[in-house]
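One structure coming up, written as structure tokens, with questions to follow.
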């Protein structure tokens, strides 16, 4: 059996302590260090996990030979600088989503990781969530038929981020899920948004995405909503699925769809619908973050590519950038580059 | 007391019989004639309402001096020709929504009605629905504060229309409601759509609307959905409302919103939320169609302008045309004219 | 083809007009007469159905040779006298539920019907409702396994009945459904109730029923509730079903239940559960009242026994009487007779 | 400021670790010892809380002079013996609900605590839950009017207890809430139950309770259900409340009820209803267990009587015993003693 991956966690805000907990629960990982500028956050971790060394110095983290991998859970504006430094120090790097603040930064990180033979993985946790994985399996197996469109609402009544728009804050969730499900990046994006509370920071956004296969997706993101809503509808030619992360039945499959009548009668057609059962399949209970950590450690120990790969992370960043571009151009339809960068 | 308005109903498809029932129930109206090409539809009406004369000839309807007003419930492609003929024959005209198949046709009808001193009214029934009226009152009274944005989903598992897109079929509902609530027409529209089942006929559409006041609206329309959904969220600076026509609590008011912190601390602000009660106000029970018929008869007898005015109907048609235009231009942002036509 | 059964409807309160409508819609039935003491109710029916003769005289109904069958939709206190008179006049009789105000009265009606060779049928409409029939089929086929228990809540925010308790008003629904599903009458009943608004008239009741097979049922009935609730849970050894008449998914099947562990370890057993999918089966849309009328006409024309038989109606009355008896004895457990009366 | 109460937690099953976590989070309490026979449970606690001493010997706990108070979270059959020993050793005692396995045992504990001047507190955690406290306040303030009846369903899809019936397992929750809300103990109980899976252990029970004020309550308890349900309806003469612990709106207030018409017209009355708004009041977020620990520590330090008092705990045990008695007597109505025991 391989030894646990020794990990330092940098950034102890909302998500950092969750990462440490899962790292410590996983037999293949071990949290050896925690780093933050706020000493109270460090003390709190120190009390709970006496075996974790705490420090305010990121340089100490990089210098510590015990540390094999660094988990970066700081604001996105710091991702590139810290991840680059960690990769250059020979560490494997896990960065909270989004991978970086631009495609350019993301590509730079990918190149550094490739050059040093290190793992670089963005934390798109939803890819490890059982309902998301179940829908993926339904799409891949053809159970849903051709994917006509996907419509998703992710609206919150939570705290505003102070430094990024709602597209940078909430977009990575849906963008990574769409990328994973459809196994392709969108070719075009367009968006409308408004900064309701702070005019310069969009807090509601309506985003259209077009995919090469013909599928289209609409993503509604908002920090201003009467109640939390996570509802994604996947409409396929054979079946439809509603994925609702807040429900006790997170995946519901609808065996119904329009049946095309005989083409000759198209002049006066009336579509009829086959309508069938609705099924809420039994869902495995598993903590996505635990599996994500596992995927990271596997990549380090076995050389596998994590499901939440750096390339997927780059494509997510490109989608967000396309949204920003569209917003700057009054909602214009913007092309999106795809594919991995050429790594020399 | 004035005598009941004697009405002929033309078109006995899905909606026509509902119109006849409400006309007959209202003391201010009287259905005297029903017209359709399908004799079985006529017979069915004749059995139920022996006092209603049935005919397959629209010319007979126009020629009958008893008929004061004509209600047109035929496919939209027939609206202009029939309404124009009826107005020219001196009849008051009620046309099922949308008013006509183009702004040009709509303006022509408005001009004919003005020239002949006749009432022309499109049937935007939702303007008479108690929940829609309650939200209107909340917006007008300032209870919701400034309207930040409105997001609405109207998705069906119903029959496809054979002759029009989902924007022409379902759009008039939301467009008329938005126009009524916000008391302004949008200045710009953009849209993404797809014809999933019949490629040439969009059956799903995602529509953005921008209003002069700064409010934005998003309208999702679809015939292809796992289940019926009518959910409209109105987010104001003071309160938020969810209007759901399928719920036993069709209006829910959320006393919560972001509280702006002291502007000086904007650099590092964290918005805090005031969160309060959720209220489902008691809702009056009334059939909107009954009140719509009443408004039509009042306009005829008293010269009042109906809430669902021809001018509002024209603006709704302009919105749909703007959606079509945007779709032809790959989702481009399209300007929308507003205001009544100059009537000589 | 046989000629339609010519029916007179007596009692034009809430339910009578529904009966007339369904009789007229069914090709095997024909409403020829309507009888009520209130002339306005008669006029309203006359306007809607010009072919239906109206009268205030029940004697006229009985004397009319055209009338083959009488549908009685009057208060329960009048059921016996009117049904007896109609049977004696040679008419087939359909009585709204409950069949009569006592088991004694019910038996008397059964005997008169048998003596005269006439159909006597109580209107337990729920036996013709698609969800109720679907659950029946699931029980009968063994899909649910042994029936452990059934728990049902039928609570209303409706008008109080002025002459009967909630057990007489709402009990017949659940009692007839239970009798139909389990194919047996309960052997014992006990009940707690309270007259909250009018102390002498119980408006909330909690009723226990024990069946010979070992199944137990609990029935909660109330006119005083925050919102309408119709929720019946059927727990079987293999599957469980929730039947909710107010839901768009009226039957939901849960493939889960306790799995008995190895009996040897009973000393310290922990039950484990198999948990599986949840299925909302596709439900046929049909108006139960239409099918009930059909069953009545079939019984008249073919001699078949209606699903809602007089014997079932008698057993329902016995259950209600047992509830009354238990209430008089401070909730004591009361035995219930079952089986048809001996008809000489 | 007073020093934290030094507490030993005995029993590290499902609930014990929660108790330790809350004790450690509360500044007024300190977990100094954890005791269980299973060394793996001790090790797990030791890893998480290095400051907590672990032991398999209850005698060591009692002998340790640092230990001021003992929290007992063992099966109910062990409550009396362990609590008695702890009280006799001069410790304050918190016992998980129910207080003991019989009223006799409970009285004995109360007498020992009184004799030694020690706090004895059963862990009826729901009394510290914000929604339960809010409903209590509504009842006490008269907002709901007279309480007509309370109907509650607590059904689970959880593990069977191996040693007690569903009434002993789930009953304490509802019984303590009812006792707290109504501020009186029931005078009578009756019950129907069935052991569906293990015939000797009731896993579903329907329980009726009558209170001196005239209020009645029905409690449905079950381990066998398609889905978790916690729904309590409180019907008062002025308002009604639905309390649902599984909902994001755990308390909903319905401003509706029957309005008594003029008594003179009682002969033919039709009750009319005033119907009003539905309000989901804003709910404070607080962990009930934290507050319960606080109440225990306050009682120790200040001599106050905890809300979850030993007397309330005794009355809860009497209710469960009355249910058992009723079941032994085929559902007979059984009287319940109330009031504190005479303490010499």
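A, B, C and D label the chains in the order they appear, each numbered from 1.
As a working rule, contacts are C-beta pairs under 8 Å (C-beta built on N, C-alpha and C of every residue); 3 or more make two chains touch, one makes a residue touch a chain.
What you are looking at is a predicted structure, and each value in this text was computed from that prediction instead of being measured.
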Touching chain A and also chain B, the following chains
C, D
If you list every residue number at the chain C and chain D contact, are more than half found on both copies (same) or fewer than half (different)?
same
So how far apart, in whole Å, are chain B and chain D when each is placed at the average of its C-alpha atoms?
54
What's the distance between the Cα centroids of chain B and chain C, rounded to whole Å?
43
For the pair chain C and chain D, the C-alpha centroid-to-centroid distance in angstrom is 40
Shared-contact residues (touching 2 or more other chains) in chain A
227, 275, 278
For a test of understanding, state which residues of chain C touch chain A in their complex under the given definition.
249, 275-282
Sites on chain A touched by chain D in the complex:
48, 50, 227, 248
Mind listing the chain A positions that touch chain B in their complex?
148-149, 151, 153, 155, 157, 159-160, 162, 190, 192, 194, 196-198, 204, 206, 208, 210, 214, 216, 218, 220, 222-227, 233, 235, 237, 240-242, 252, 254, 256-258, 260, 266, 268-273, 275, 278, 330-333
